[in-house]
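Before anything else, here is the set of structures, which you'll find just below.
The two complexes that follow have chain A in common; it is paired with chain B in the first and with chain C in the second.
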Partner chain A sequence: MIDTALIEKINTVLADEFEVDADMIQPDAPLMETLNLDSLDLVDMVVLIEHNFGFTVVAKDFAGIKTFNDFYHFINSRLDEKKETPK
Partner chain B sequence: MARVVITGMGIYSCIGQNLDDVLESLREGRSGIGVDPEREEFGFRSSLTGILPKPDLTKVLDRRKRISMSQEAAYAYVATAEALKNAGIDDNFLDSREVGILYGNDSSALAVVEGVDLIREKKNTTLVGSGSVFQSMNSTVTMNLSVIFRLKGINLTIAGACASGSHSIGMGFMMIKNDLQDCIICGGAQEVNKYAVSSFDGLNAFSVRNDSPGEASRPFDADRDGLVPSGGAATVILESYESAIKRGAPILAEVLSYGFSSNGDHISVPNIDGPKRSLLMALDLAGVRKEEIGYINAHATSTPIGDYNEALAIDEVFGDHKPYVGSTKSLTGHEMWMAGASEIVYSVLMMKNSFIAPTINYDKADEASSRLRISNKLVNFKFDHFLSNSFGFGGTNSTLILKNIDTNSY
Partner chain C sequence: MKKRRPQNEWSGKSRGGAAGYLTFVFIIKYLGVTMAYVLLSFVVIYYIPFAPGATASVWFYSRKILGKGVLSSLIFIYKSFFSLGVALIDKTAASAGMYNQFKFDFHEPGEVKDVLNSSTGAVILGAHFGNWEIGAPYFDKYGKRMRVVMVDSEYQKIKQILETQKKVETFTVIPVKEGSLSHIFEIRDALEEGAYIAIQGDRINAGGRGVEMEFMGSKAMFPVGPFVIAARFDVPVVFYYAIRTGYKRYLFHFELCKMESGPGYKRVEKAIMESYVKGLERVVRRAPEQWFNYFKFWK
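Our next item is the complex of A and B:
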């Protein structure tokens, strides 16, 4: 189960960064098409994640992400890994 | 050989962010110079600069277009949008014709410094974001504007130091004259920030009249102590006369000639011979007598040696004929990569409105400037030909001569 606050935060930062209407962001909606992303935008997605969620990814990590729901799970799992990683 | 005319102009400068405001500033002799307090703290000798905001394009361009734009590309976008509008060029024209762009720019320091600082901090090149590379390259203006305006003709940045803007118009003129293109967006852009000009300040080239910004830029005045850096962007739409007539476009002026030369001498100290050859070449190619030149917009940046040598070059070329000579840099400061283009815009505005802006702060002539006809007051004067000089580091020189086309006022 993903925390609702996390989903809201993800939706807000995506809508702000990629300048789309927040209502367009629905769990089963296709991420790339809804946000109108191209390969350059994936670079900015890496920046957005680092800036807002505090971990670094590479663009190929997005390969299996089709929907916003996939994206929520991706962020959530990386945040969990981060919590579990001993400093 | 085609005749080459200007069918539109646009400007974003410290004396106004559109043609109307700039026209008023020129008439009023209003200075756009102020102080940037960060500069002293950063190690500058001079805190003086042209003052202008970065345009907010949030509601004008989408995110993808905006994030690739450097500060100077944003200036150039605003100037170019105004110029295209005034030229009557719409989306249909841009999509159906092969419109080119030749724009002067010779740095994008702010984007480079901010990008590298971020990479240094994060130790990850991706975290600089997708826009940084397109902001950082010297061709940032032409690469951005060619995409935004869907241009399909020549697409090239002209880097010729402080003569970049003038050379861009000269090169556009040559391409249209030789029937290679019939419409080219030409101009010059200059970023305004401490990173762009810090090493220039280090050469002791800037005025240190930090307590009196409006009096700091004083071209040709005996007490001048250096230039004031400034910037923004200026655009002119160059078009073949035939194309302009065919589509009923407004014609503001005709470009008659482009003179150029290289000093082949010192990297920063200007001489007399190089500019003189550029002036003579322009006069020769224009096919006008020097007596027909009513106004010279001098390069005159307010440096002791530069103004002195230019005054001597003008005097040697024009002899007994004393056209009005002025330096709009007294108002704007030195707009560097932009200056050669903005000074064409300023001069066309003055020619269309029959006046010459005051060279403010020209209070006392020196031995060279006393040979010229310079006024520190507004002069109401009708002229139909003017000459504009632009010189740059490395001894690059450009001279343009334009003629009034009296069918359209601005």
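Our next item is the complex of A and C:
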């Protein structure tokens, strides 16, 4: 189960960064199309994730992400991994 | 700045095949650079009628942008193609180990040296102007290899030629493949490792995003990508050009892009682009025949 606060944070960050109406961000909506992303916007996405969630992404991380729900799960699982990794 | 999808983008293909190139390699190797220039002076005459698209673009550039007359423009077309040929010959000779035949002058302010000497990565923005590749090995003195961001089709062509000659590249390439996003991550990782990332900031690849800018007195489209990368990854940006100033002589011209600190990477992106375009105009006015964008660059 993903924390509602995390989903809200993700939605706010995405809506602000990519200048879309927050109502358009729905769990089953397609991520790329809704945010109108191209390869250059991916640069923004990479930096946005690093700055807001504190971990680094690699190309294959994006392979399975189709919807916002996929994106929430991806962020959530990486944050969990981060918590579990001993410092 | 007006952001839009460009109509006057580069097709992604350059003229000239491996066979012609290898002929010049043979002449450079066995008869010398000067003899290659002599052969080039005849080859250029062939190119003027048989490369009508390129000829038309140089004609437009000379007449409308530089404001030259008809006769001057005819001479200018010849000079432009000849300069491109000389650039190819010189970089071939240099990469074949004849580096010591050339003289190099440097315009390298202290602030640029500081950036290049530091352990942080940097974005080196150049253009299809002059002969930037002839200076690529120079970056080795800082103990870092230059990594050049290049369209994959161009990279494959260079690789094929190098393989035929059994030579290795003097720089590492980060290929930009259609439909692939891997280059974004390669660039980020390289910058984090403290590498120099060289990107040409003057050509829009097919399907790429562009911004309309005032350049040499007219509107032209510039790619957004190099400037997004420079602004977003928050590293120093250096403008670099290698200008041919005489017989076997080049000037390596460096400028540090001065960026005011403050919030908003879009503002930084815009500032880098404006600074780049102004700087590029200054160097192109200095040697206009070394501008090698042979397609409809201006609107």
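Just so we're on the same page, the second predicted complex is superposed on the first by the 85 of 87 C-alpha atoms of A that agree within 3 Å, B and C clash if a C-alpha of one lies under 4 Å from a C-alpha of the other, contacts with A are read in each partner's own complex, and residues count from 1 in each chain.
Basically, a contact is a pair of C-beta atoms (placed from the backbone, for glycine too) under 8 Å apart; a residue touches a chain by one contact, two chains touch by 3 or more.
Predicted model, so just to flag it, every value in this text is computed and none were measured.
Colleague: I'd like to know which partner A:19 touches here: chain B for first, chain C for second, both or neither.
Modeller: The answer is first: A:19 touches chain B but not chain C.
Colleague: In the overlaid three-chain picture, which partner chain does A:44 touch, first (chain B) or second (chain C), both, or neither?
Modeller: Both chain B and chain C are touched by A:44.
Colleague: Quick one: classify A:58 as touching chain B (first), chain C (second), both or neither.
Modeller: both
Colleague: Residue overlap on chain A between the chain B contact set and the chain C contact set?
Modeller: 38, 40, 43-44, 46-47, 58-59
Colleague: Give every residue of chain B touching chain A within the complex, in rising order.
Modeller: So the residues of chain B in touch with chain A come to 62-64, 67, 122, 124, 126-131.
Colleague: Okay, in this complex, where on chain C does chain A touch?
Modeller: So the residues of chain C touching chain A come out as 181-182, 184-185, 188, 209, 224-225, 228-229, 232-233.
Colleague: What does chain A use to touch chain B in their complex?
Modeller: Per the touch definition, chain A meets chain B at residues 17-19, 38, 40-41, 43-44, 46-47, 50, 56, 58-59.
Colleague: Flag every residue of chain A that touches chain C in the complex, lowest number first.
Modeller: Residue list for chain A touching chain C: 38-40, 42-44, 46-47, 57-59, 62.
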